[in-house]
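One structure is given below, represented as structure tokens, and several questions about it will come after.
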Amino acid sequence: MTSQHLTESPVSQPPALTKRPDDSTTVPKNVLDITGLTVDIATPRGTLHVVRDVSLHVKRGETLCIVGESGCGKSMTSLAIMGLLPKSAKRSSARFEFLGEELSQASKGHINDLRGNKMAMIFQEPMTALNPAYTIGEQLTEHYRHHLKVSESDARARAVSLLEKVGIASAAQRLGQYPHQLSGGLRQRVMIAMSLMCNPELLIADEPSTALDVTIQAQILRLLADLQKELGIAMVLITHDLGVVARIADRVAVMYAGQIVEQGSAAEIFSAPQHPYTRGLISCIPIPGRTIPGGKLGTIPGVVPPLLGDMAGCAFRERCASAQASCAGSIPVHQTPHGHQWRCVLEPTKVVAA
Amino acid sequence: MKNNKALYVGCGLLLIIFCMAIFAPWLSPHDPYFQDLTYRTVPPVWYEQGTWLHPLGTDQLGRDYLSRLFYGARISLLIGASVAVISGLIGCTMGMLAGYFGGRIDMIVSFFVTTRLSMPVILVALATVALVGSSMWVVIMVLGLLKWDRFAVVMRSATQQVRAMEYVAAAQSAGASTLRILLTEVLPNVLPHLIVIATLEAASAILLEAALSFLGLGVQPPLPSWGLMISEAKSYMFFSFWLIAIPGTALAVLIFAINLAGDGLHQWLTPQERG
Amino acid sequence: MLAYLVKRLGLAVLVALTVSVIAYLLLYLSGDPALAIAGEGARQADIDLIRKTYGFDRPLIVQYGDWLLKLLQGNLGVSMYFKTDVAPLIFSKLSTTLLLALYALAVALVISVPLGVLAAIYKNSWIDRLCLAVAVVGQAMPNFFFALILIMLFSISWRLLPVSGSGTWQHFVMPAITLGYYAAPAFMRLIRAGMIEVLSADYIRTARAKGLPTHTVIFKHALRNAIVPVVALAAVQLGFLLGGSIVIETIFALDGLGYLAYQSITFKDYPVTQIIVLLLSVIYILLTLASDVANAWLDPRIRVA
């Protein structure tokens, strides 16, 4: 698969960046398929259950947005996928398939080989994500040369072409520059280019635009969407901003207190949200085209419960307007044939978001 | 605080040594200066030839080592404390002035600090003691006049931080005089950090005095400075190892205790570095 | 970068001049420099001769100015005790002391870098505590005591190394270890603190996210940034090592500047002492200047400003 992209072209031509063909016979449909992911962190006050029984999947060319408020576990989930959890965290999963390969018991060395190579991640804060002591060029090429054993000149050529692809002018000069010489927006573009160097199948973006200027935010998101469409990567985008979700998600997973409380296509989530938390979220923010100008925005009263100890029942019940006694017990998981899932004791309704 | 073993162990050891020094006259079995020539270089009691008459043995002039150990503690502690106080007063004053007034005064003080830092302390101390005349008090004065730099630096930055805070502006607008502000607002906040520095400087001063005495230009015989005891015993060390081991270990334990206590204090004051 | 250099250089010159004044005035600490040089039991005629020879009867400013002028022209005077010109005397010993200081620095770094990196990676574990314990104990022992113990072990008991003198490299081993181990704890703490801070930085997470091997992350990415304050400290410590070498050189009779300084003081050859004080200070000033420049160069944010 990857050899197509490192085509034996003459030295002067950088390797071509082309879209993957949709070869459904030899390629699994899901790039990433996780079932029952759990992350526990040992603290002096007890075990923190930051990720609880999370199941999700992403297909090639698809954007899955994980959305939720701070502390819901969305970042931890992405770190768990990448194998970047802190030492004190324990991860377990019933199934962790990446490109058809089961990874739950994989060795650290194998994960290291995949990381930065087949699965890449970009983070929220571009100002501090680059090492101030090395040039942009060095940081762009080092993992490419490490994983794929290419020569210095080939690596630099690819770096230049990727920098141009993410919209950075005078790319060749940029290679010799240091991070402090670039603005936040430029640095984030560099991070995007860096993540694409080895032709990953999966790109995880953790709040890629949150730390940037409002004007730059839209540019970065559009860039990500364009790149994904062009290269056919599977993308997991983490955000707390439903506006972002509305703009670029194919599918949405709503997280609350470490669990995915609702998951489905973007269209379904926005038109017929089933979980009270999802409904609350949607009513909280103005969505262009949906919210009535001049109307009231909703709020969700209360706070997220602590993630300690035995967490039985629905974590949202303290704040849910429709809570019942049965919410303290085991919560059923509903599922429609189109892949819309949610955890709630309530009966499904055909709600059009208010 | 409960987990701060360093502080407890350090302070505990210090307390023991402190008691040794204060109660030396009562704890010592003999007069530390009395030369009993019939009992020269007697090894400590755990050796074959040892005796309980002199539990830690005697030196080459027949003086009881245990007694000299206790009295030596007095010298080390006195030097450590005095130098810390003197250099502390000098350094804190300079640092406070520099931090509070800034501008020219700050430049001058910083210049002094840089100059002082460029000078080789032990060499200057040696030369000074040699020229003025070596005695314990000269050593204390010289070290006190040389070791104020860390106080000044820390005091300066702490004062700058405090000065930028609002309650100082409030005090100023209420008409309080500069001195009053410095004493009532700045000093109490900086005091804990100063104590940590003081322990470091005291430890350093004790080691310096030991080195000076070792070279013959510090405390003069027959005073039982631990450094001087090591120097006097140099030539006998192969056959009478305890003659240098006992004062050397005593010095090490004292410095260790001071550093430990200082570390513990530092940990207590900056909790963000823990865990 | 150039403006920064010029400013630092100016400051350095000013400090050097101030130290020269202090060094010159040292002689007056005893009251009468002629008496100090001549010694307690000297005859009045000798004292007056010394006063004339060294010009102590002139106004202070003139004395100092003359001394400084001669210095800048390379005339460092004559040693009374060694009966030779001071300049060649000092510079022949300087190389020995510099060598000792460099060896000691190497010893300090060899001990402190691995310990500091280990302590940082395994922060708050028993490994960390062990490294810290080594640091604290290392700083507690007086260096001359440690030197004596080393001599007992390596020279007398095991006969591996020579006790004193400065002919061969073996003569430098124990002095270098004694000097170096005392400087190691400071480096170790600095490296540990620096590494802990750097290891939690975002760019380390980026490096790990790229799938780089652990040793690359630690040494290429983390240590490279954590080492910056260590370079500054190394230059400063080198200065201290030079100054602190007096005791060690004297114990081991290592024929360097420190030993010369000790001898000049003991034999009342104070003019030599003055020169050595000034020389050591100037070296220290140059070292801190070099370290500031190196610091600025290592940080691309200053270099490519």
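Note that the chains take the letters A, B and C in the order they are written out, and that residue 1 is the start of every chain.
Definition applied: contacts are C-beta pairs under 8 Å (C-beta built on N, C-alpha and C of every residue); 3 or more make two chains touch, one makes a residue touch a chain.
Small disclaimer: the values here were computed from a predicted structure and weren't measured.
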item	value
Other chains in touch with both chain B and chain C	none
Relative to chain C, chain with the most remote C-alpha centre	A
Chain whose Cα mean lies nearest the overall Cα mean	C
Computed distance of Cα centres, chain C from chain B, in Å	22
Cα-centroid distance, chain A relative to chain B, in whole angstrom	58
Mean-CA-position distance for chain C and chain A (Å)	54
Chain A partner contacts - residues on chain C that touch it in the complex	201-203, 205-213, 216, 221, 224-225, 298-301, 304
In the complex with chain C, residue positions of chain A that touch it	82, 84, 112-117, 120-121, 123, 125, 128-134, 142-143, 146-147, 178, 180-181, 191, 194
Contact footprint of chain C on chain B as seen in their complex	111, 114-115, 117-124, 126-128, 130-133, 207, 210-211, 214-217, 227, 230, 234, 237-238, 241, 244, 248, 251-253, 255-256, 259-260, 263, 275
Complex contact set, residues of chain C against chain B	11, 14-16, 18-19, 22, 26-27, 29-30, 36, 124, 136-137, 139-145, 148-149, 152, 156, 239, 242-244, 246-247, 250, 258, 261-262, 265-266, 268, 270, 273, 276-277, 280-281, 284-285, 288
